[in-house]
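Order as written gives the chain letters A, B, C, D, E and F; numbering starts at 1 within each chain.
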Amino acid sequence: MDSPNVAWLLTAASLVLLMTPGLALFYGGMSRSKSVLNMMMMSFSAIGVVGVLWVLVGFSISAGDTVGGWFGNPGADFGMASVFQAGTEATELDGSEFDLILAAFGATFAIITVALISGAVADRMKFSAWLIFAGLWAVLVYSPVSHWVWGGGFLSDDFLFEGMTAPQDIAGGTVVHINAGVAALVLCLLLGVRKGFGKEPFKPHNLPFVMLGSALLWFGWFGFNSGSWWEADVFAAQIWLNTLVAPAAAILAWLLVERIRDGKATSLGAASGVVAGLVAITPAALSVSPLGAIAIGLLAGVASALAVGLKYKFGYDDSLDVVGVHLVAGLVGTLAVGLFATDLNAFGDAGLFYGGGMSLFVSQVIAAVVVMAYCAVVTLVIGLAIKYTIGLRVSEDVEVAGIDLAEHGETAYEEAK
Amino acid sequence: MDSPNVAWLLTAASLVLLMTPGLALFYGGMSRSKSVLNMMMMSFSAIGVVGVLWVLVGFSISAGDTVGGWFGNPGADFGMASVFQAGTEATELDGSEFDLILAAFGATFAIITVALISGAVADRMKFSAWLIFAGLWAVLVYSPVSHWVWGGGFLSDDFLFEGMTAPQDIAGGTVVHINAGVAALVLCLLLGVRKGFGKEPFKPHNLPFVMLGSALLWFGWFGFNSGSWWEADVFAAQIWLNTLVAPAAAILAWLLVERIRDGKATSLGAASGVVAGLVAITPAALSVSPLGAIAIGLLAGVASALAVGLKYKFGYDDSLDVVGVHLVAGLVGTLAVGLFATDLNAFGDAGLFYGGGMSLFVSQVIAAVVVMAYCAVVTLVIGLAIKYTIGLRVSEDVEVAGIDLAEHGETAYEEAK
Amino acid sequence: MDSPNVAWLLTAASLVLLMTPGLALFYGGMSRSKSVLNMMMMSFSAIGVVGVLWVLVGFSISAGDTVGGWFGNPGADFGMASVFQAGTEATELDGSEFDLILAAFGATFAIITVALISGAVADRMKFSAWLIFAGLWAVLVYSPVSHWVWGGGFLSDDFLFEGMTAPQDIAGGTVVHINAGVAALVLCLLLGVRKGFGKEPFKPHNLPFVMLGSALLWFGWFGFNSGSWWEADVFAAQIWLNTLVAPAAAILAWLLVERIRDGKATSLGAASGVVAGLVAITPAALSVSPLGAIAIGLLAGVASALAVGLKYKFGYDDSLDVVGVHLVAGLVGTLAVGLFATDLNAFGDAGLFYGGGMSLFVSQVIAAVVVMAYCAVVTLVIGLAIKYTIGLRVSEDVEVAGIDLAEHGETAYEEAK
Amino acid sequence: MKLVTAIIQPHRVDEVRAALEAAGVKGVTVSEAAGYGRQKGHTEVYRGAEYTVDLVPKTRLEILVEDADAASVSEAIVAAAQTGKIGDGKVWTVPVDDVARVRTGEHGADAL
Amino acid sequence: MKLVTAIIQPHRVDEVRAALEAAGVKGVTVSEAAGYGRQKGHTEVYRGAEYTVDLVPKTRLEILVEDADAASVSEAIVAAAQTGKIGDGKVWTVPVDDVARVRTGEHGADAL
Amino acid sequence: MKLVTAIIQPHRVDEVRAALEAAGVKGVTVSEAAGYGRQKGHTEVYRGAEYTVDLVPKTRLEILVEDADAASVSEAIVAAAQTGKIGDGKVWTVPVDDVARVRTGEHGADAL
């Protein structure tokens, strides 16, 4: 890999790592003050657990020699030994370097995807259960699915899409957002609703944290999306611009929905709009024009603003709206590629509105459905296994008194003395 | 544009976008707890409104074919269609790429400039009035003025400065800071003072936020200033170094003024010193040596530390000191270029202290005055138009109870329950 | 220096500057609410004092022509005049550029090292005494020691290690962390313990700040470590990856120690684990493989988690655990290089576990001991000089009422009104 | 008139409010408090050292009532706040000489 | 001696303090409270669902006075805190057996 | 029964608590307050303009005691909270008609 690209990817990887603490703040601010630490700890511990596991086996499962398209051989590069050796032995710039920075870059994606799920289980999941879940899910769900989409596996044109239009997903609409959103839904269904759900509002205890968190996510997301192109060129610039304007449009859309429906445009809405716009543009940023990005941002803002209320209707306690934002906007973005992909698109195929017909749209739907199905089943199995062994949920007393004190022996804030 | 420069500009643009949420935190921390969300929402909504408008027409007004030096043709590149097409069709690295990343970079400047103004109108401006103001000002003031200075328009040597020493303004002393500072002054005069102004201190509700906000601004400002050179070379390094030491010196200067005048050096002073130093070095960073940067930082720190008290004397409620910091330090920096510009300067002309005579200084004054005059007039027109249609200001009841609740239906912090 | 490397170093330097405000937040959150501003001001003022001094003489002492290996001639490049001139006069990319961006990069290291010390003196050091200490220590301790290790001075193979295995310290295990840790120990011994030490817990007043601070440190540390290689290539990628996984492992180690010893894994532990892992990998990141980095992270996490309790045993009030984290993990990392350095290592020599024998380990020990001895003596002299002139410590009344109000005339948080 | 003051568990506030409304009480003043008593606090570990936090958060309710209602209001609070666990709190009654409504300047029972 | 307690609108504190000073009162203890009453709270919308927040922030003032001053102090507070809007608050007076000044151990009127 | 209320300096709470325990008091309710009085506040400078902050943070303790213990508890608090500096605070005693323990519904001295 060329030095300029390495320069950009070192930056991009740093940016993506920052997203997980940014998410911790975004989710933590939305929690109640008695459970903010636990919420943040789910993200921080994901960095610990998934970071180490990625080096040990995750990278190999994701990028190693494919085993029938299903997953990379976990033994192929245990401990990243060969990618490390190949890289450091090279005396000049060649392909081997490519691997080491990209292997590192990949770790940050695995981490944030796992952390995203935690928003659905606020206030009530045992910390030990979370740690186990995080590790198993990273290895059994994230790593193989990333292999399918980015590792030349099942969802590439060597396998399922052979002879079909290949789906377009530059930065992980399926692998990251739909995947995390489905896992969140399954896990919160297994956990059950919090005491007071639907009666008390469980309002965010610190909205400036939520806003700052959303800003750190956005900042990091430039690395996430533009870094996924692996080169610092005009296409990275295109992705960057789309990653700016889609969330900008989604803020406006979300605030407009609130203004019309509730009479007031909220700061929580603005912060949520940022994330919804970012999620939706994630698969689409290389496929669409800036105007297409605005359209996708508007769609995602409206869709997610309406979707976050569904949990009250259907009675699943998706506490911080992982389903409403990541699954819904992830689907909006993934499907919108099938409509808005331009014919100037680096991937090749155009979408319906740019004369490409329905075939790209169909491929996008198939990719989304496959990931949803696999994720739902495996997450359910992992969740049930934990539920019936060590248990998923803290006691009601702990929930009422606050999970921070019971699980971490701390309170987030200390009064002046 | 070369790949290394793209690598740097992708980073720089990301850094500049982070400045606006950084500003939201800086301003938000300085607000009272009952109006912090509204303050932050003015920045977040500026990203939404200005981000989308930049793609639609702002970029074209700023960088499109000039209409008599006054502004770029807004129809020339509506929706950034041609810059996008030119970029993505290029099969090899050529000039077209240059445009797409720089067009994106430009959006972040438009956004932060608008957001800067909001500090003057804390606690009392209708959110709907702000949204309209932000959009109109971005299109009618920011975009044309940026065309004059950076788009080869009125303030370039093709027009007003033909045959004269061209003014030097690497990153926007005039376009960004003087511009925003004047707009802030006009707008707060139109709005009138807050209930209690001059009697109550309206103290910052969260000084750690203010400090963190100033730090995020500084961090982003490296992208703002160094990115404005468009190349990752020794001049970018020079700019970077000056962007480090000018604020460092300004912190010391501000604290010293406070120590002498008030007996105590405050954290609010340190954070304000950071921003004053950054503002002052913005036009000067490519023109001066590190020692020149220290001198400018010291001057700006002293000038702004003294200037923030003027509002009490003259009775304008520049709530969070946009005039005292951005206008005053912006003028200090813009004029100081005429004195401290070295003869090693990439722009060419030296200032008074380096044997260049008065001509550069005169040009700096002219550029500043032209921008101030245009901005004052157009901002006044926009402000009056809003005042006499939907109104600029919330009711006194809302101001007393807190604008967050009335305009956004939220309170920033929720007590433990 | 090549443009891609400049692109990366502009980014890296920005990242490192962000570390100091990140540290301010990390330390500030751990303070009590009545002293958070003073704690943050020690970091912010370090940027001011050390930033300016670095330009004036620090850079020259660190990188100027050596005076017998002891320090660079402070007059050699006063005000960075020659590095600035050489850089900006160059018409093409050559060695001179190299200097300007690296000189700037170096400033950020000097700043953060000084700021690190402040964690040991929370709640009780006069602000004026701190300012003087910061300046003297930067010039008399940091600058010469950095000359020894990175400027071809005393600890290079031109002097002490002539004919021996050169010690390996890519990013400052000795210069930064052991150095700051020893200074912290000396200074907190001179200051004495706080009223209530050992009886009251002095709990962190805002743990989300601590976590966010640790995250900003981590983010910045990628620039710190990977930037120290000066090139954007596979070795920078190796450093990056190790800077990810060592702290990831250290989080797990610290939480495990807490879980076993105290029954609960805390968020303060996770944030501290991040820092311990980062400190330990700082000297080692270019020497070890990802598996080696995991091992070092685990060792550092365990060692520091145990070490932070020692202050209660030995009665030194290392308020925010600078000794327990920076000195201890700095030693762990520095010595671990002697064990885990691989034979694929860009420095050349392998450690004990990779067939290199004991010689590298011995050199690592010597380098650590020399730095510790010099730092202890000179810090003691500076500290005593201040103690017996203007005094180091505020009065007990001030300590009880809160140092923020007495020294800065401010309180961090303002209640709603 | 009487002033009934109750120190209760924070999570029983809604139940007590409902009971007071049922009892015809029209206004209540609420504030935060903390208490020591038979109820033990919790231990926290900080940097490996253990500390006991023995102040437990409580909520204080103050209700002005006519003399005749004091006993029944007090009973209503006890009934609604009771969980049977140590730390449920106290309710006490104090004689009041006079009450005024700020808005109107009315005194006595009219001011309630 | 008497203890006069006032629950008032937070934004009237400065006016009341001035009135108390004018009335010769030398000390006041202030704390935060919240109240239910005739005054309605506000509704907030969260994620599309509406919730009523019916606790309204208030400030509590406590003033120890000699028996003879109780009525006039109470009137002074009412006069200064009044805005005429619902929610202006209450002022009540309670008998006090004894007061001590901590600094000196003085009792009774000397302790005020 | 009596209610002893003390307004003291926040940093004397631990000493007072110890004294109360020594005096056999089993429970205390604590809350935050702030006071004006002889003690002057401090001045803060904001943006070059000076403002006086004259509310000083205090801690309020409330202790229900049997009639016979009121005087001694009050004295114990005065002794433990005293630093001799202006601003040490006040302790006052109010008659109480009745006390109930929420957990059990007990009344009177049994409820303490």
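Please note the rule applied: contacts are C-beta pairs under 8 Å (C-beta built on N, C-alpha and C of every residue); 3 or more make two chains touch, one makes a residue touch a chain.
Keep in mind that this is a model prediction, so the values were computed, not measured.
More contacting C-beta pairs link the chains of D-E than the other of the two pairs A-E and D-E. Mostly differing positions are employed by chain A and chain B in their mutual contact, as under half of the interface residue numbers are shared between these two copies. Note on chain placement: the centre of chain A and the centre of chain F lie 53 Å apart, centres being C-alpha means. Our note on geometry: chain B versus chain C, Cα centroid distance of 33 Å, whole angstroms. Chain E has its Cα centroid 46 Å from the Cα centroid of chain B. Shared interface positions of chain A, defined as residues touching 2 or more other chains, are 2-4, 7-8, 11, 203, 206, 262-264, 266, 268, 409-410, 415-417. Annotation for chain F: residues 11, 31-32, 44-45, 94-95 touch two or more other chains. Chain D meets chain A in the complex at residues 11, 42-45. Chain C meets chain A in the complex at residues 2-5, 7-8, 11, 15, 32-34, 203-208, 211-212, 214-216, 218-219, 222-223, 226, 231-238, 240-241, 244-245, 247-249, 251-252, 255, 262-268, 270-271, 273-274, 289-291, 294, 344-346, 402. Only residues 2-4, 6-11, 13-14, 17-18, 20-22, 24-25, 28, 36-37, 40-41, 44-45, 47-52, 55, 79-81, 84-85, 87-90, 93, 96-97, 100-101, 103-104, 107-108, 127, 206, 209, 407-410, 412-417 of chain A touch chain C when the two sit together in their complex. Put simply, chain E touches chain F in their complex at residues 1, 3, 17, 26-32, 64, 94-103, 105, 111. Residues 400, 405, 409-411 of chain A are the ones touching chain D in the complex.
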